[in-house]
Structure formats: structure tokens, C-alpha cells
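So that you can tell them apart, the chains are marked A, B, C, D and E in the order they are listed, and the count of residues begins at 1 in each.
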Amino acid sequence: MTWLGPEEWQAVALSLKVSAWATALSLPLALLVAHALARGRFVGKALLNGLVHLPLILPPVVTGYLLLLSFGPTGTLGQALASVGLTLAFHWTGAALAAAVMGFPLMVRAIRLSIEAVDPKLEQAAATLGASRLWVFATVTLPLILPGLIAGAILGFAKAMGEFGATITFVSNIPGQTQTVPSAIYAFLQVPGGESAAARLVMISVALALGALLASEALARRAARRVAGT
Amino acid sequence: MTWLGPEEWQAVALSLKVSAWATALSLPLALLVAHALARGRFVGKALLNGLVHLPLILPPVVTGYLLLLSFGPTGTLGQALASVGLTLAFHWTGAALAAAVMGFPLMVRAIRLSIEAVDPKLEQAAATLGASRLWVFATVTLPLILPGLIAGAILGFAKAMGEFGATITFVSNIPGQTQTVPSAIYAFLQVPGGESAAARLVMISVALALGALLASEALARRAARRVAGT
Amino acid sequence: EQITVFAAASLKTALDDIAAGFEATTGNSVALSFAGSSVLARQIGLGAPAQIFISANPEWMDWLAEQGRIDPTSRRDLVSNRLVLIAPAGHAPSHPLADLAAGPGRIAMALVEAVPAGIYGKAALTHLDLWDQLAPRVVQTDNARAALALVATGAVPYGIVYATDAQAEPRVMPLYTFDTDTHPPIRYPAALVTGQDSAAARALLDHLASAEARAILFRHGFLPVEE
Amino acid sequence: MKLEVELRHPMQGFTLDVAFAAPPGLTVLFGRSGSGKTTVINAVAGLLRPERGRVALGGETLQDSASRIWLPPHRRRMGYVFQDARLFPHLSVRQNLGYGRWFAKTSGPTSFAQVIEMLGIGPLLDRRPGALSGGERQRVAIGRALLANPRAILADEPLAALDEARKGEILPYFERLRDETKIPILYVSHSAAEVARLATTVVVLQDGRVIRQGSAAEVLADPAVTPLGARAAGAILTARVVAHHADGLTELEAGGERLFLPRISHPEGTALRLRIPAQEVILSRQRPEGLSALNILSGHVAQIRSGDGPGALVSLSTRAGTVLARITRRSATALELREGTPCHAVIKSVAIAPEDIGR
Amino acid sequence: MKLEVELRHPMQGFTLDVAFAAPPGLTVLFGRSGSGKTTVINAVAGLLRPERGRVALGGETLQDSASRIWLPPHRRRMGYVFQDARLFPHLSVRQNLGYGRWFAKTSGPTSFAQVIEMLGIGPLLDRRPGALSGGERQRVAIGRALLANPRAILADEPLAALDEARKGEILPYFERLRDETKIPILYVSHSAAEVARLATTVVVLQDGRVIRQGSAAEVLADPAVTPLGARAAGAILTARVVAHHADGLTELEAGGERLFLPRISHPEGTALRLRIPAQEVILSRQRPEGLSALNILSGHVAQIRSGDGPGALVSLSTRAGTVLARITRRSATALELREGTPCHAVIKSVAIAPEDIGR
């Protein structure tokens, strides 16, 4: 392609990588948290719930700043992770973390709503047939919430594709390393005449995200049809 | 309070107003769109779906810029609205619009998941009892999706409390008029030593949003308990 | 060898050109990370892997110097800039300041308490005794470029931005250039980051101050620093 | 009002292809599990849009694939008692019951209080469906459909989850509906006693097809057809209450013959339908004496049908009407029964059970 | 294995307070709608945690509020057939059926193929529950519970949604389970015929309390108790198959007396339980001749009970066992029946219906 430079293609590839990892890695945790919030009874549930929503409430820059404080080279968590060889700050892995954190409340909500819609009577039926709680979850709850899980995943992915504030604050905007599409768009918008390049990037990322969206809808429809039984 | 200036209190009040209006006004539309996406069959459904997700995929600044282009003083929509006396750009109403747009995909998803979880057999039962589609919706679907509606509302509200990029791009930052809490926080973070003032604002907005969250959870629990019948 | 430079976003086009030239002559690669000066300064304060920092104002550089995060000996002001009053192209008033004062149009500026371009602009208007009168009409954006965009799209009739920005945007025209004594001097300081410096980084910093690089900067509208 | 139904709808591995008319009164849809009863009812209610078909109620066409007429479910006003109760979980029992009334312009033939009373759901009014037992749910579902003042009633095994005593309380209500209102009732049931007691018309389904339809008296008394299984065969007699005796028996008269039953509540002079199950009838060549059975009808054999099994179904013409007797072939041979043989039918009073007496 | 149950659980407007033991065999929970049957079963399955109570199965305590023992549902291995089928909507019929087998260490007394065959669900295996009729769903639910190789079976009105023919195919299976395995079966039913045919023990519930419990023969033959309503009273005789005759009749022997029934499938020599419904028995002072009824048992009156109604329940001691006859008081007077009066019981062959014959 002539109308995007290699740096921009790098940004596109990086955004896809970051979004995919962010989605894939946070989904299981989101599932766990959503299940705890939907069905669990424990002290600190309200706290957990608040914590999950925090990235939504905070301006993204603040979230990024908090991430930098805790996971940066000088943060305690960052140092702990560095000692096991995992660098996050100023690294694409950090971009994935930022994207995951920002998308987390959306994922949890979607999954939680699905879990709450599962009839506990079906789970009871599975228990009487000998399924332990884990098995009930794996064989009954999980398949039934598949549409919600897919919805959560696509929300997380879309958010990751668009995330800017927390990402640029946490991992900065280093071409080829941490420059995601939104960061690249930001950089283009900072210079006069950069609008057309920014617009091209916008179009590409929108096309990619919409493609993922359509695929997810098709998947969800299939899952729902299976349940409807036709 | 000594530790926040009057401008900051104004920002808090404005953020609450903006978030409340954004949530209240977009909820009905979100409901409509969610219903169409969940149950409707029409051409352009995929398009509508993509459109709804756009604010999630786009970097917020881009969304704000697009809003400015369409709803700004020079935009066609902006001029049309101005002719009926509604100013959006550089006005708190525009902040509400930006917040609404950014929270829209979250609301729609939550409501849509709830609608998809409603057993169509109950709606059929209502129809045989003489309820037209609108009545079925009002008396069966709507009460059953109340938890999802509440979830959508709180997601929208939380997002509105944290929205920054689109808001400042669309309505700028006019103290007392369009300076929301995130804008104020951003401004504090731009100057060395502004962290503590920013932190105070963060705490206030988190406290407010978490309060709303807790209230919404209580409401949703009540709605769910009503349905469970105990 | 790769050199990572954290630079204020408003320098993007100029620095892109300079880095390309440097890469071609030395064979080192330069990664330019653009963001707001505040974000970059904080990141460096928290250990970001940048070798060189270029700020859009002296305050953030001072802040890093206090923490010992930059090498003060390497610090130098690269360029300067001017502040201009702009309007959408085609607008040709004879008495720009008087028209501005007469109103009623809004004025787009970067955040007047936080972002350098806004701070300078407020200082200039204050110096001209216009601030109190104009303040209610000022719309503040999160950076100077956003203020420029507001004027360029016609959403706002006036703006106060850097001359560099105004020059690069054909949809706006400068109406009035503020005197340099109406506001604190506009400086773009650059320095090496403590503990990250290398021969290549020093070479790049020197190159930034070279006549060749300055020529590129001037081409983009930046001005030499008057001592 | 007559309900005319003509449907064709192919589904995965099953094709519905039926045509029948339900005259005023109660039409029982009868057939084995999976024969298509619920599918028919869904189509009549407008919940299933069949590939082809026509449904008309009292001359008004509700749907017709040929002329592209389609009345949506809520404009059909069918009181549908679903096989799975389908109560609104967010509404109290009272609100569930009242739901259809919001939309009905006029109130139905029965008052709220009467329905509550009949269904025995008074104490449940403020509960939500989630806190009801299976049978309670089903009763509320019946009430909800009845109170919507429907133009037709579709009841899909409405009493299956109920105990005999409760059934006994609700059945008379369906009888009253059948006899006192003009609205057609489509009723699915697997219970022979219910069918016999309620049906005006019987439509027998098998694998999505109608294999037999006709008036209840016809279908149930025709020895050639025992749609309900051999045990359900029986004849229907029309009788009149003559007297209530002090020892708890009620005396009836049918075509000049006397019949005694355990006391029933209908006043003297009432005309009744009595179902005499074929298997409860004993035949005797001589008039028997010294038996505990009080009812003896004399007549002659009109027809004898024996099938593959050991049984034979004998129709006996008596003054009271045709009586069916199911006996063994061995007995038929031993008694030397042929068409025309004079013979006596012995029927125990208690064998004519209350649920087989209807109006 | 014995199932001991002791529960106390107050709910809004209803308190469950029961104690009973279900010995090996099939225990029917009987009672009107809302009397607490499902609640009891839920508590036994561990789905409801009662305020106080104890449940023990064959000596193992499953729960005991006193000693804080609580075995979670999945460790109890109860094959629960729910009143509402509760199939897994996302699994095919085959997967639903196989679900419990994943967790059962050993396979149950019946093979997959046998259960499919018995329930007639072979053609449905690849469908999902959403595409099944009500009765089909219920049959799959039965299969799913049975195939989990449970230690006890809890069946809540399992056959309510089925047609008579289908019931007739499934009932023998429950009989086999009752007789051939040691696992206790708790079975809820409103059908008198089902209760009579299947029950080893009957527990009668009313308003959350046990008002009567005992062996089926005892509860059902005791003229003082007619828990199923007067019509359900009947005696249970033990008989042995003697011969199958060419005319389609099977000859049985009970205490030296001969009985004839329509052909049944059990081989010669098989011991059977026969239920003789009281209302099907006619009494006669002289031995009647020339009647179509083939079975006549001689004996003498052991007891006569008359209640408020017009009926009287007469127990007759015969060589075959005690036979109950429900006749009118008027007949009892006419026949001058008293305790000790010699008397004959006349029973039609076809009155002993297949569903009342069990092993």
C-alpha cells in the first residue's frame, strides 16, 4: 500500500496483537470475576465490584498513570514482575495490560448479565446428576453464557482497538514497540495536515474492528440457535 | 471544604449533571436500538450494529472531532439544531451528548444481552392475552430486562463520569460551563505538582460513581428478586 | 543502535525529518515517541527507557532536573516559537485586537492554566489588559493543536496558537503576532536522560543543535532562541 | 361459533397436515405424545406461522395463506392455557390473573371472584409464580386465560398436573363454559375420563394427521373406533334426574328405564349426559337376581365386534339408548351372543362415576 | 436400602414438617396440589436446605442439621426426574441422556439402548430439547435420571404429560426397577392407577404434614382409609400365572382360586400383584350363572364400612385373599349383608386392566 508508511502498518499490526492478547488473557479472569459477582456471596463483593468499574469511572490518563505507578520500573508490582522476566512498562505487553484493564469492566458486565440470566434450576439439575460445581459451570453455565462471553470478548477487543489515554500514559508512544493505532492517530493529529493520514488509520482500524464484530455476531447467533434448538 | 476550589466544585456539579442527562436521555434510545438488534430483522442491521460500536473502536479524540464536525457551529446537524434553539458545541449539553455517545455501545450491549435472555414464550403468552407488541414490550419485556437496563444505565453513567477525550475535543474546557471533572483532572496533571489536586478530584468522582454503582446494584437485586419470586 | 527520543507532540513533523537525516548518515535508528510534555516527563520520572527528552516548555524539564532524572549539563534550548492570533482563512480585519475585544466570537486556546501554549496566551492577553474581558469567551482545549483545529473547522472564529501551527494549517490565517515581551519566553529545551545516555544519544542531541537540524526546524516555522 | 382449521407445516422430521372443524362446544384434540396437538394449537393461536393454512372463527378468517391474511396473536383473543404454564414471573398471581383483562374490552362470563374460588387460588394471590407448586402454577394459568374474556379457548393439558379432587372441582367449570357460552374450546387431554366427560367433538391426531373426527357420542360409542384405547370405550346416554333418595342415591330416567347413581347435585328435572364405560357393563342372558348392582337395562344385541385381542365389544340396543359392553370372547361364546339376542346389561351404581356425568 | 427422611422447613404461609421412611421398593408421595411433595423431594435431593432435618440413605447420613452434616447434591447421586423436565437446552437429546453417565463411576442397571427403546425416543436423539413436544421432553428427563446410575430415584409426576399407551410402556420399567434393584424410589403421582400399581409404600401428605403412611397393600386395602378418593380403593391379590389360553385369556391361580384376565405377557409361573378395584366388584348372595363375567370368588363378609355417602365398602375374605367391593348401601341392605355372611364376588376379566397388574 502506498498510502500508509511502514510505521503505520506496524501500528496496525501492533494494535491487533495487543487487542488480541488483551482480550484473550483478560477473558478468563473476567469470567471468574463475573461469576463471583453474579453468584458469589463474600465480604468485599461491593469492593471488588467497585474496583472492576474503576477504569470506566477514571479518566483514562489517570488509569494509565496508576498503572505506571504500580507496574512501571519503579513500581512494586513492576519490579516483582521484572524479577521474573516480565516487563510491562514501555513494552507492548504493557499496552495489552492497559487495554485489558480498560476493557475489563465491559467484559465483566456482559458476562455477568449472561450468568444472571442462566436458570439456576438447570444448574441444580446438573448437580443432581453428579456434576460438581466446577463441572456444572463447565458443562452447563459456560455453554449457556457463550453469547455473553462472545459479547464480552468483542467489547473488550473493540475497546482495546480504540484505547488511547491509558495506553499512551502507561507505555508511551514508541513506534514499532508501543505505538498502537490510536497513538499513531494522535501523533498525526498533533501536526498540521496530518488529518488525512489519521483518517486512513481510522478507517483501517474501524474496518478491522467491524470485521471482528461481524464474526462475533455470527458466532453468538450460532451459539444462541443451538440453545433455541432449531 | 478547604481543599477544593470553587471551580473544582463546579466541575463536580457539572460532571454529575452531564452524566445524569447523558444517561437519562440515551437510555430510551439505547433500549430501542438494543431491541432492534436483539429481535429485529431488517436490512442494515449489521450497519446499525457497527455504528453503535463505533465510539468504542475509535480513539475518543476522533469521536469528539467527528462530533464537532457534525454538531459544531459549522456542521449541518449543529446548524439544524441551532435553528431550533439547541446549542451543543461548547455547551454542557454537548458534553452530555459526547458522554452519551461514548457510553452508548456499553448501554446497548447490556440491554441487548438482557433482551436476548427473555424467554419469547412469555412474550407469546402476553400476546395471546391481547397485548399488542408495544404492550408486550412495556409489560413483559421491560420489567424482565430491568436488571440489564440498570446495568446499562450504570455503565453509561460511569463512562460519562470518566469521559475525557471526546468531551474536551467537542465542547472544549470552559470552566463552569463545560469543564467536567476529567478535564479538570487533566489540567491539574499538565502542571508539575498538580498531582495532589488531581488526586482529590479523582477521589471525589470515584466516590460519586461508586455510590451510584452501589445504588444501582441494590436496585438490580431488588428487580431480580421480584422475578425470582421470593 | 536504537535511540529513543521522547518529544513534545508539536514537534512531530520537524523531528521526523531530522531523525530521518540522522539515521541515514549514522546508521543508528531513532524511535520518536510523541505525547504531551507532561505525560513524557512523568514517564521519564518513573523510569521510561528514553535517552533524550524534548519538552515544549522549561517547567517539565526543570521538574525532571530537580529529581536528577536529566543530565543538566546536556540541557540546551533548541528553538523558540511565537504566539499568534488566528482566524479562519479569508477573514481580513484591519484592527485585529480591537475586533477581538469587541467580540462576540469565542477564542480557542490550549488550557490556560496547564498547557504551555495556553499559559503563554493568557499571559499575553493579561499583559494587553484584555484577559478579564475575554476570559468568558475562551474555549480551552487539551493541546494547542486542538485549538487550531477548532479555528480551522470554523467552529470558533479566533484562536491563539503557536506560529508554527498557524503556518502549517492553510485553513487559518494569522491576524496578529504577539510581541515576545508580552509573555514568558517560549523555549523547547532538550536534554539527555540520566543513566540512559550513550555516545549515539549524545551524537543525536548534538545533531539536534546542529545548523542542519535547526534549518529544518526553522523551515517548519520555529524560531532561533534569542539569547 | 365454529372454529375451522386447515394447516400444513413441515418441520424437521415431522409434517403437520390437518383439517378439521370445531363446532361450538368443546373439541378434544386427542393423540399420543408428539402427534402434533400443541403444534395445532400454536398455529390456531397465531404463535406458529404455518407454511400453508387457514383458520377461521365464526366466519371471520384469522389467517389464510392463500389470501395472505394474518391476524396477529393479540388480535385473535384466544384464551390459551399453555402446556407449560408460562406465568409472568415478575407479576404477582393477582396481576397474572388480571393481565388479559387490561386488554379485553368487556369482562368475561365469569367474575374474578368465581374463578379464584373455583381454582382454589385465593391464598396465593399475592405470591409470585416462583413461589408456587407445579399444580398451583397450572391453576393460575387456567384462570389467566379464562379471565381474558377470550373468543375461543385453547387448553393444552390444563389439568395434567392436578390431583383428582382438584380436577373434579375444575371440570364442571369447563362444562358450564361448553354449554352456556358460544365460544369454541380446543382441549388437549390424555385422560379418557376427561375426554368422555367434556368432549362435544373429538379429533384424533396421529403423526401430524387427523385420523378420525366426529361428535363425541359418535367417536366414543362407535365400536369400530376406540381412539382412547380399548379401556376408554363407552356409550353416552341422555337421562333426566327424577328424584334424590334418602339413602344417598339419585334416581334417573332414560328412555323409560330407571338408573340409580350415587347422589349428584343437579336438581330434579335436569337433563344429563351419562357415560357408561364399556368395561363396567356385565351382560346376562337371564335377568339377574340377588346382585349388588342396582341398574339393569334390557335390550338386544345390535352388533358384536371382536378384534385381535381376547375382548369383544357388544352394542346393546336398550330403551335408554345404545349401551356398549366390553366382555371376553370366551364369555360371548359361552352366552351364545349373536346380533338380535335378547340380553340384560348389569351396571353398578358406583361404576357410573361422578366425572362421567356431565350436562 | 432404606431412605429415612425427617424435615422441618417453614416457608411463607406454608410449613413443611414431615418424617417418614421409604423402605426398598417404591414409595409414592401422594397428596393434593400444594401439599409439599416437590418440596420434600427437593430437600432429599439436597436442592433445598431445610431449617431442620435429617436424611439418611441405607445408613449413610446425607444431611443432619443436628450434627451439621451436609452432602451437596452432586455427591448424593439421586436420579431426579423433575416436575418440569429441566433438560439442558444446549445439549442434544443424546447428550442430555448421557450427562449423568459422565459422573457415574459405574453404569446403571439398564443400558442406554434399553432406555431409549422403552421411552421411544430413538428418533429424537439428535434433536435439541427446544424441538421436542411436552411429552417427549418428559420422557427424555426420565431417561436422563435413570441413566445416571443413581442410588435412589426421585420422580416428580414423571408420567403426567404422557398418553395412556406411553404410560403403559414405561410403567413396567419402574416395576422392574422396584423389584430388581435395591434402590429406593420416591415417586409423586396423582394417578390412582399408577399409585396402586407401583407403590410398595404410600405416604400421604396434606398441608405439609404426613397424614398417613404404610405399605401400599395396607393403605390401599384399609377400608377406613381411601387416600385416593373412594374410587381408588381396591385390594391387592397375589397370583401366579397358570396358563395362556388360545382365546387370548390368561389363567391365574390365587390361593387355589382361578382368575381369567386378558392375555398378559408374563411367562407361566410368574408371581403377580393384581389390583382389584373395589368399584369393579359386584357381590351376589347366590353363585350367579349366565353372566358375561368370568371371575367369581366365594368367601364371607369380613367387614362393612359405610361413610356419609350412599356407598359402603365391603371386605370379603376369600381363599385368594381379601377382596374389597364398593357397593351402595341400598344394595347392602337388599342383600342383607353382615359380618360373616357368605357371599360371592363377581369380577369381569376386562375390569382387571393391564395397568393394575404388576410384579
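Here is the rule we go by: contacts are C-beta pairs under 8 Å (C-beta built on N, C-alpha and C of every residue); 3 or more make two chains touch, one makes a residue touch a chain.
Please read these numbers as outputs of a predicted model, since none were measured by experiment.
With steps allowed only between chains in touch, the distance from chain A over to chain D comes to 2.
Just count the C-beta contacts per chain pair and the biggest one is D-E.
Chain centres here are Cα averages; for chain A and chain C they lie 34 Å apart. Separation between the centroids of chain B and chain D, computed from CA atoms only, is 57 Å. Remark: chain D and chain E have CA centroids separated by 26 Å (rounded to whole angstrom). Touching two or more other chains at once are residues 149 of chain C. Across the assembly, chain B contributes 65, 186, 189 as residues in contact with two or more other chains.
Multi-chain contact residues of chain D (touching two or more other chains): 12, 84, 127, 131-132. Contact between chains, as defined at the top, is found for A-B, A-C, A-E, B-C, B-D, D-E. Those residues of chain B whose C-beta lies close enough to touch chain A in the complex are 46, 49-50, 53-62, 65, 105-106, 109-110, 112-114, 116-117, 147-148, 151, 154-155, 158-159, 161-165, 181-182, 185-186, 189, 198, 202, 205-206, 209-210, 213-214, 217, 224. Residues of chain A touching chain C in their complex: 61, 65, 68-69, 72-75, 89-90, 168-169, 172-179, 186-187, 189-194.
On the chain D side of its complex with chain E, the touching residues are 11-13, 31-34, 37-39, 83-84, 123, 127, 131-136, 139, 156-157, 160-166, 190, 192, 228-229, 231-232, 245, 247-249, 260, 262-263, 279-280, 282-286, 288-294, 309-311, 325-333, 335, 346, 348-351, 353.
The touching residues of chain A, counted against chain E in their complex, run 121-122, 124-133, 135-136, 139-140, 143-144, 226-230. Chain contact summary for the complex, chain E toward chain A: residues 45-47, 72-74, 76-80, 82, 84, 86, 88-91, 99-100, 102-104, 127-132, 144-145, 148.
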